[in-house]
Amino acid sequence: MVEEIKEGDYVLLYLDDRRSYMVKVESGKVFHTHKGFINVGDLIGKSFGAHLRSSMGTEFIALKPSIRDQIFKTTRGTQILYPKDVALIILFGNIMPGSRVVEAGTGTGALTMALASYVKPSGRVYSYEIRSEFLGIARKNLERAGVMDYVELKNKDITQGIDETNVDAVVLDMATPWLIVSHAYKALKGSGAFISFSPTIDQSVKTVEELKANNFVNIETIECLVRRIRAEKGKTRPETLMIGHTGYITFARKTIIE
Amino acid sequence: MVEEIKEGDYVLLYLDDRRSYMVKVESGKVFHTHKGFINVGDLIGKSFGAHLRSSMGTEFIALKPSIRDQIFKTTRGTQILYPKDVALIILFGNIMPGSRVVEAGTGTGALTMALASYVKPSGRVYSYEIRSEFLGIARKNLERAGVMDYVELKNKDITQGIDETNVDAVVLDMATPWLIVSHAYKALKGSGAFISFSPTIDQSVKTVEELKANNFVNIETIECLVRRIRAEKGKTRPETLMIGHTGYITFARKTIIE
Amino acid sequence: MVEEIKEGDYVLLYLDDRRSYMVKVESGKVFHTHKGFINVGDLIGKSFGAHLRSSMGTEFIALKPSIRDQIFKTTRGTQILYPKDVALIILFGNIMPGSRVVEAGTGTGALTMALASYVKPSGRVYSYEIRSEFLGIARKNLERAGVMDYVELKNKDITQGIDETNVDAVVLDMATPWLIVSHAYKALKGSGAFISFSPTIDQSVKTVEELKANNFVNIETIECLVRRIRAEKGKTRPETLMIGHTGYITFARKTIIE
Amino acid sequence: MVEEIKEGDYVLLYLDDRRSYMVKVESGKVFHTHKGFINVGDLIGKSFGAHLRSSMGTEFIALKPSIRDQIFKTTRGTQILYPKDVALIILFGNIMPGSRVVEAGTGTGALTMALASYVKPSGRVYSYEIRSEFLGIARKNLERAGVMDYVELKNKDITQGIDETNVDAVVLDMATPWLIVSHAYKALKGSGAFISFSPTIDQSVKTVEELKANNFVNIETIECLVRRIRAEKGKTRPETLMIGHTGYITFARKTIIE
């Protein structure tokens, strides 16, 4: 049973490793690229992974968008958090199907989307964003990714407190994470995970100090470097340019003083 | 509603960032450490995250084991694959709740356990292992982690073929991944993910060559370096020693030639 | 006694960390930049390090060109070897004042220039280059750097053999270093250093195999990553982009079988 | 003309990449290892690089100690500064034959030894050390390396000022480098190099702030990671463990305000 492309699905029109386009499939729709146009409607009924040709004869492939594709497309223009960081936040933060997670700030919803994809179907993401202008953008991105059912978007200032209790994780991607530590302590269940992503080391240091003062243990700050390798027989070498820094991630777990 | 520790649960008795012990909670059980003994049964009815003292007065914390803890405890002694690699395999491989995943080889079940934790409740991991002596160990580890229901352990040689079809991902952690590429092509759905972890660059190069010859695209090989930072006001610095290499991960996606 | 800028000296007109210009000082000379023109002749008699203003009022600083500046300016357009690699080649290769060094290939002379700067005044660099069109460029760069007296440029194919004997080091930056290993053995004194820089790992592996077969010991292959940090109070972080790869460097020492 | 080992020379008795011993050659001397004893006196008249056998038949090689070997042997037990850092300090700091360099603190003399090896024969290192107990150790190490003639050891507190003027570089490996910035400005010639090595980022940030306030330009802070590769046909991979951090190096150049 092959998974067929349907009206309304999103596809990633893949040209090469540098160029791909996320497009909604609609009958009769024409998508224009610098390599000619593509009759997107013709994809209906084909399999994901199908090859197709533009009007100029260039080959594209209709991939099914992955979480990583969606992170890249969602953060276009404001990108700070990379898929590598999202991956570590989720696994090191023990965020799983069924987890209840508080997040701030929502931004364009890239991290929200990834979190929602992993807590579904029974978990939930409570996402705080003080800047109301972002919530519409985030909602649109979450709907496109098909995970809006697992998210509660909240137009609230998380520095004023967290409504939820007994949550599995609190994930922060915001300028002043140290202000949220005591709120996070109240919101988390025992042994629950505090996770914070920050571009500067100064933010991490302030956050770690607060965590130490608030009954968290197993506090650690890491950075993650991903290096792409050109694996080719007889001329294998890492790529010349790499991303040298996105941010530091701090993890900690709540302890209970009875 | 605080999550209470019950008879039969596993706890991570956390002493410090270097020393922690995974213990099953049973009434009357005594656990011996070099810091004195601990009456593990006393934990029943307490909250995860609770502090407790050994007979010598040393403080331990009863954390709830995370996936990362379980990976570390499961791989003890044979460790190759690290949590950082598992995190990238899952997110970059688009493995999610509901995914059907073929894996080889099972080994002690560390990767199987992580995969199962993320495909549950509706997904499934089909795990191939030719060495029958490992299957008992893996089953025990998977049962301890509570994910055996989502796994099918198969005592089969994956180089002879894959039984499943239309799967979302094929994940390989074995010596000769290039021998599995054509089998993986048949097993995968269109746009599905091929993922292979290898300690040496030679294995990656051979695998990439096979992928290029078998209608896969978006082929990339990466390595991931995680660096721990001592974030401490006035004396912040990365740790002196780090893991400089675990392995290379190769990702690719199946295309359909109609 | 301040070091004054003289007619004929080179200065580095430094605008900021991204933009600087290497200029020869001549009386009456005008140098044009996108920030206005500079009367370069006015620098005569001033101290290195002096501030000066362009016709548009932009401040430049007349730095004395360092070896690193000269490497950057010399390799413009063909850059493979970076100052970080040159630094390790020299120190790990034990190349010092007085050393006699064989080098191939000369190219534009960037590495030759650095080697000559460190073996002077009593040492010497014998630099082999098969492509005669490069020798003129290299000579000009070496003369500009003031080190031509310590270099012998040789328009010869080093794969055919090395004329010199009893040298302290053989340094290779060429496509097929493994072909030179037996020649290097003959040219080197006992305990002397073999050093080879290669962009691909395949070249390094072939070279290491040859070294093992030719009575070299202490063979090691390394790569060097330099990361720039934005050290700024309250917002310290590594730079986003970094050079992820230039090449691998292999070192070895000759042993004597008597 | 082969370089012969003479009475009084030092040799590096090399067993493998992990084990080597620096020994002074004296006639009749016996050196004991866990692989049996070696008649060191027998080396007199042999070539550097010669193979020899211990009483138990194990093969050693009598290498000529390199600067890198000497750094390793000198820092044994107090090692902070690694050869990779020394290499960058020297090349990026434009320290060359003929340079006059101020250094603090001397410590065991590892960096002093390397600096002296590169400024010789006409340059000089002025090395400040407030702790008098270190000066004897440093002198012994510098004499062993044969570079004491190029060094002036000064039992002085560099935070009180620098005696020398018009120097090419000031190199600091001490706890409070920011206190030396204004002294370094006075001591340096125009365009001269300030270089400071610090284990923590906090030290680097303070130093950079002082440099900005004291007419230095081209200020940069870097860290250097060296990764060892096991280059072996069919099983090439980086080493599992690596040094993840030694320190940050800050470079700057003095400008002249006339």
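Order of writing sets the labels: A, B, C and D. Residues in every chain begin at 1.
By our rule, a residue touches a chain if its C-beta (ideal position, glycine included) is under 8 Å from a C-beta of that chain, and two chains touch if they have at least 3 such contacts.
Quick caveat: nothing in here was measured; it's all calculated off a predicted structure.
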Each chain counted as touching chain A and chain C at once: none
Intercentroid distance (Cα basis), chain D paired with chain B, Å: 43
Approximate Å spacing (C-alpha centroids) for the pair chain C, chain D: 21
Centre-to-centre distance between chain D and chain A (centres being mean Cα positions), rounded to whole Å: 46
Touching two or more other chains - residues of chain D: 201, 227-228, 233, 236
Touching pairs among all chains present in the structure: A-B, A-C, B-D, C-D
Interface residues, chain A side, partner chain C - complex: 199-202, 227-228, 233-247
Residue ranges of chain A touching chain B (in the complex, touch as defined): 1-3, 14, 17, 46-51, 61-64, 66-68, 83-84, 86-88, 90-92, 94, 96-97, 114, 117-118, 120-122, 166, 189-193, 201, 204-205, 207-209, 217-218, 220-233, 236, 248, 250, 253-258
